[in-house]
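Shared chain: subunit A. Partners: subunit B in the first complex, subunit C in the second.
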Partner chain A sequence: MAKNRSRSRIPVLAVLYIAIIVPIIPILMWSFSFRWTYPNLLPTWSPRAWDYVFSQSSIISAIGASIIVSTLVTGLTLIIGYPAAKALGTREFKGKTIVEIFILLPAIVPVISAVMGMQGIYLRIYLSDSLLGVVLAQTVFTLPYLILGLAAVFKNYNMEYEQVASTLGADRWRVLTQVTVPSIFPGLVVSCLFAFVVSWSQYLLTLMIGGAAVNTLPLELFALMTSQDYPVACAVSIIFILPVLILLGLTSKYLTTNGVAKGGINQI
Partner chain B sequence: MTFLTLRGLTKRYDDAETPCVKNLDLNIERGQIVVLLGPSGCGKTTTLKMIAGLTEPSSGDILVEGDSVVQIPTEKRPVSMIFQKSLLFPHMTVAENIGFGLRMRGMKQAIIKRKVNEMLDLVRLEGYGDRRALQLSGGQEQRVSLARGLIIEPKVLLLDEPFSALDAELRLEMRGLIMDLKKKIDVTILFVTHDQQEAVMLADKIALMIDGEIVQYDNAQTFFTRPLTLRVAEFFGWTNFVPASQKGKTVTCSLGEFVFDGLEEHNGPMCLTIRPEAAVLCPKGEGIRAVIRSSVYMGTRIDYRVDCMDAKLGISFDSDQVFEIGEEIFIKLQNNKVWAVRCDGKEPCDNRIVWGPPLNMQDTSIEARREQNEGEGIGQSIGALDRTDEHHGGDSREKDNP
Partner chain C sequence: MKETKTWVMLLPTILVISILFIIPLIYTVLLSLNFFSITSNQAISFNAYVDILTSSSFTDSLAFSLTIALISTVASILIAIVVSMTLRNTFIGRRLALFVYQFNIPVPHYVVGISILLLFTQTGLVSRWFYAFGLIASPSSFPVIVFDQNGIGVIIAFVLKFFPFIGIAILSLLLTSIKDYEEQAATLGANRIQRFIHVLFPMMMPSILFSSILVFAYAFGSYEVPFLLGSTYPKALAILAYQKFTDIDLNSRPEAMAIANIMTIIIVALVILAYIQLNTMNRMRARQNGKE
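And now, the complex of A and B:
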């Protein structure tokens, strides 16, 4: 059984890695180059860019800030989004469509048009230029991805599992941790991955709300891109994409629609 | 003192006009199997869920051993519920599934293991403990689900149509298992089903529920001999209904006067009901005269539709007694296969024939049987011994001779 499944994963992984790894190869080459000019097929190699990156404390601290912000955002998104997703996925109520559209709004409205208004409000309530402000602002835009993703998972979830568990003596917390979460785990992981990736690549929001106080990796990357130092920009790009690749690798077994849609029921 | 008591139990959903469970009273003795029998949507499942604590009653009380459990949260109630689907947790093995309730109670691993093995023996699944829930067949799944519910030693076991997803043979086997288990463990069982046969087989007492109300609560035999209302009679194989009036213990209708000793006083509309096998042949000139209108060959017997006085009746004879269409016979009705029932509404009911023991209590099949029987002149004319295969279904077995 296990052998079978890992074989069926091969094409999925192949597509994932061709789409993701191949475009990275030239970036990787750039990052190890000193100069790469026409008509040379290969660059002149040098570790200069990487030396520079690891000697710059601003880049190191940006990596740290990015990890902290995106992790907090994902956590907060999960806490706020989980009950909403469960309600949307398992219940019918009046005005459900309107609620769904409202939840979807942050994903439809361009960030730039929302952030202008948000900045004014955040300034007034002393949330701008702070980590908390950035986390809250990003959460607004990661919520739709997690909620709608998780709601789809809950649509295939049979609430009677929870009823059985509670008649067998499980209180609400243990129903959640021992029955619900294990049952929907693949969908949960993928939804969180979405939220993390959306937060990880957020530039404009961090810039406007965080001001100079919060310097994440995308901000650092943009600064380097405009500085025309391609090898260094490419090295930072690699660092930027690395966590996403690692997460993808760890969660790839849940990334087929089968794994997600069936809420992991078929994960033996 | 009764063991499980429902007192005025009512459930009205916010958006519903009428309550789906109306003022239910039920007393269940310790160790009994009581079957809640009724068509789909009559409120059986809601009743179970209220007892389990999964649905909050709008009013009324639930008592186990004299103590109200309404305020006790689901996980602390002394009841366990088995659902229509087995609902085994897919991320656990069979043994982990069965042991779930004990883990929730914080028992030691060694004790859990021993009890799980006992349970596996009890439901005849020795050695299946390490299998995944998804590697079992439907019947095995439901047995694991039973074991999982029983291991926590509930005072009351609630079963919500647990075998309706299984095929006929397996269903029989599972009923046998329930009766077996009942002998080995001290548990009071409330079993919900729409299958009349299942109810009769399992029940110490049957509570027949229609439209949120318990219409009759008796042992199975009483339903066959002394049904209370027309609908109850229909579900238990009473075929003929003739409008009648009651005075004391005497019931009068177009077929004559009948006296029933056990009949209770009733003011509303009544009708006489007759089982198809009630008719016995008399010598010419005695008894009541009947004219054969149509017939259906059923193998061991033949079902006839006859005109008798002013009423139309459905009666059956052993298949060695063959009559032609139009033939005149004389019959007598055996008193123990005739009874008087109340009409369900305020309106008097018309003369009707509802053929055949019901396969189950799904509303549709009852309606279908009624329609088939009330309409006249449907179908082609057939001779007394003509066989047509479509007649052998349970739902529509009669055709008329126009």
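And now, the complex of A and C:
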């Protein structure tokens, strides 16, 4: 039986590696190309795209804007969502399923369905065409991921430690920083990472709420794709996914062992 | 230390989602019913819905988006099960395989879309490989995979993104809670196929159902991927809605809102059905556990 398994393993692994690695090839090659005419298998190599990316101020400022927006969104999402995640993870109460579905709504309702009305309302409350408006709009869409992920982490968390600490005289702040956060830390990091990634890749929402005022990296990338400047678009794509992959590398062990994917889904 | 009330803990989230998300959704419904119209005296009008539901461009788009979402979800589930079943056993090189498996999870959908575009257009990289091996004589004899009417390019991009997402959920389940049950079944004489059908698959169902709903909703409502890879006809619903919304003719705005609301209704109905199903499954499992 063991032999049987290893025989079926090789084709499965081959398909997995091809499916994930082959799509990286054209992005890498185009980013180092000057021109690439059919049917050449290799492009005319050139560092033009990379020179352009690092000298073009609009791209550099878009990287900065993306980092600022996604960091603010992640922080705000954590502050707003943390108490809700703790309540959902550690308590049973009436109407819990309805609350869960309500919180899940922004993750499942298509962005296009919500964003038209959001544009109108945000305009009325002076949030459109501003950084604050974009941050608040993105926070709505990152909340479900953070809350459901973190709630799952809290499911396996023992509340008694908190009670012991407070009986021993620790105030709320000390319980939070010295008991709760250390014991849920890996799950907390993965949940924040999910929120960051969801914010980092928003295109349509930023376009329609931010207008011309907020130019993040996805907006820059779509402008490049529309003008069919593939070499620069590919260089920007690589810059775009690098921080995310570094974060994945740091946290990948949490993803499969005790992380969000498992808990977040088991919880429901 | 007094315990904080549950509703106080939930309040910030519920307020933010209500004000910044639910109110806009209600506003969209009112706009689609021409509620704020200055030109007509009529209180509400269903004209936008009548116009939309009787136009073939909408019904074709609806069929297109539903088909694409369904095919990419089902294909992703099947691939996810096979890959996760393979990766749960230990073997040399498993750590690398696990890293590769998770690689696409944080990569944005449209970056995957860009590489599908560069790979599969008629002058794309795969077409060049085919040409080099003499399989095709000119780029025009390469099959139309991107910008095609069946949305094959869009489906490929979605599947590459979705199968790791569903798969990691299945895998972490396989690595922990299910193992004991499976061993018990094996001791009782169940073979591999019986164990899969009667033990593993039913236990995977809640995870698969939940992640599939997220994935299906995403594929159904995505704007970016069909923008990069979709055909001019039929358009994905999100593209059709966006184009009507940004049309110079302001009369097409209520139609855009009507499309948006129909999309919301379809997705919310699906999720409620899925939750009812999940609750039934959980209750059945609780009852079975109670018997033991």
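Points worth noting:
The rule is short, and it goes like this: the second predicted complex is superposed on the first by the 233 of 268 C-alpha atoms of A that agree within 3 Å, B and C clash if a C-alpha of one lies under 4 Å from a C-alpha of the other, contacts with A are read in each partner's own complex, and residues count from 1 in each chain.
The working rule: contacts are C-beta pairs under 8 Å (C-beta built on N, C-alpha and C of every residue); 3 or more make two chains touch, one makes a residue touch a chain.
Quick caveat: nothing in here was measured; it's all calculated off a predicted structure.
Within the superposed three-chain model, A:130 lies out of touch with both subunit B and subunit C [touch as defined at top].
Once the two complexes are overlaid on the shared chain, A:71 sits clear of subunit B and of subunit C alike.
In the overlay built on the shared chain, the residue A:24 is in contact with subunit C alone; subunit B does not reach it.
When the shared chain is aligned, subunit C comes close enough to touch A:40, but subunit B does not. Ranked by how many residues of subunit A each touches, subunit B and subunit C are led by C. When the two structures are aligned on the shared chain, A:166 is found in touch with subunit B and with subunit C. By the document's definition of touching, of the two partners only subunit B reaches A:179; subunit C does not. Judged by the touch definition given at the top, the superposed model places A:234 against subunit C, while subunit B stays out of reach. Once the two complexes are overlaid on chain A, the subunit A residues touched by subunit B in the first and by subunit C in the second are 166, 171, 265-266, 268. Here subunit C touches subunit A in the complex through residues 1, 4, 6, 8-10, 12-14, 16-17, 20-28, 31, 82-83, 86, 89, 91, 93, 97-112, 114-116, 118-119, 123-125, 127-129, 131-132, 139, 160, 163, 168-169, 171-173, 175-176, 192, 206-207, 210-211, 213-214, 217, 220-224, 227-228, 237-238, 241-242, 245, 256-257, 260-261, 263-264, 267-268, 271-272, 275, 278-279, going by the rule given at the top. By the touch criterion given at the top, residues 1, 5-6, 8-9, 12-13, 16-17, 19-27, 29-30, 38-41, 79-81, 83-84, 86-87, 91, 93, 97, 99, 101-114, 116-118, 120-122, 136-137, 139-140, 143, 147, 166, 171-172, 175, 193, 197, 200-201, 203-204, 218, 221-222, 225, 230, 233-234, 237, 240-241, 244-245, 247-249, 252, 255-257, 259, 261-262, 265-266, 268 of subunit A touch subunit C in their complex. Within the complex, the subunit A residues that touch subunit B are 158, 160-161, 163-171, 174, 178-179, 182-183, 185, 264-268. On the subunit B side of its complex with subunit A, the touching residues are 49, 52-54, 73-77, 79-81, 83, 85, 87, 89-91, 100-101, 104-105, 132, 134, 148-149, 152.
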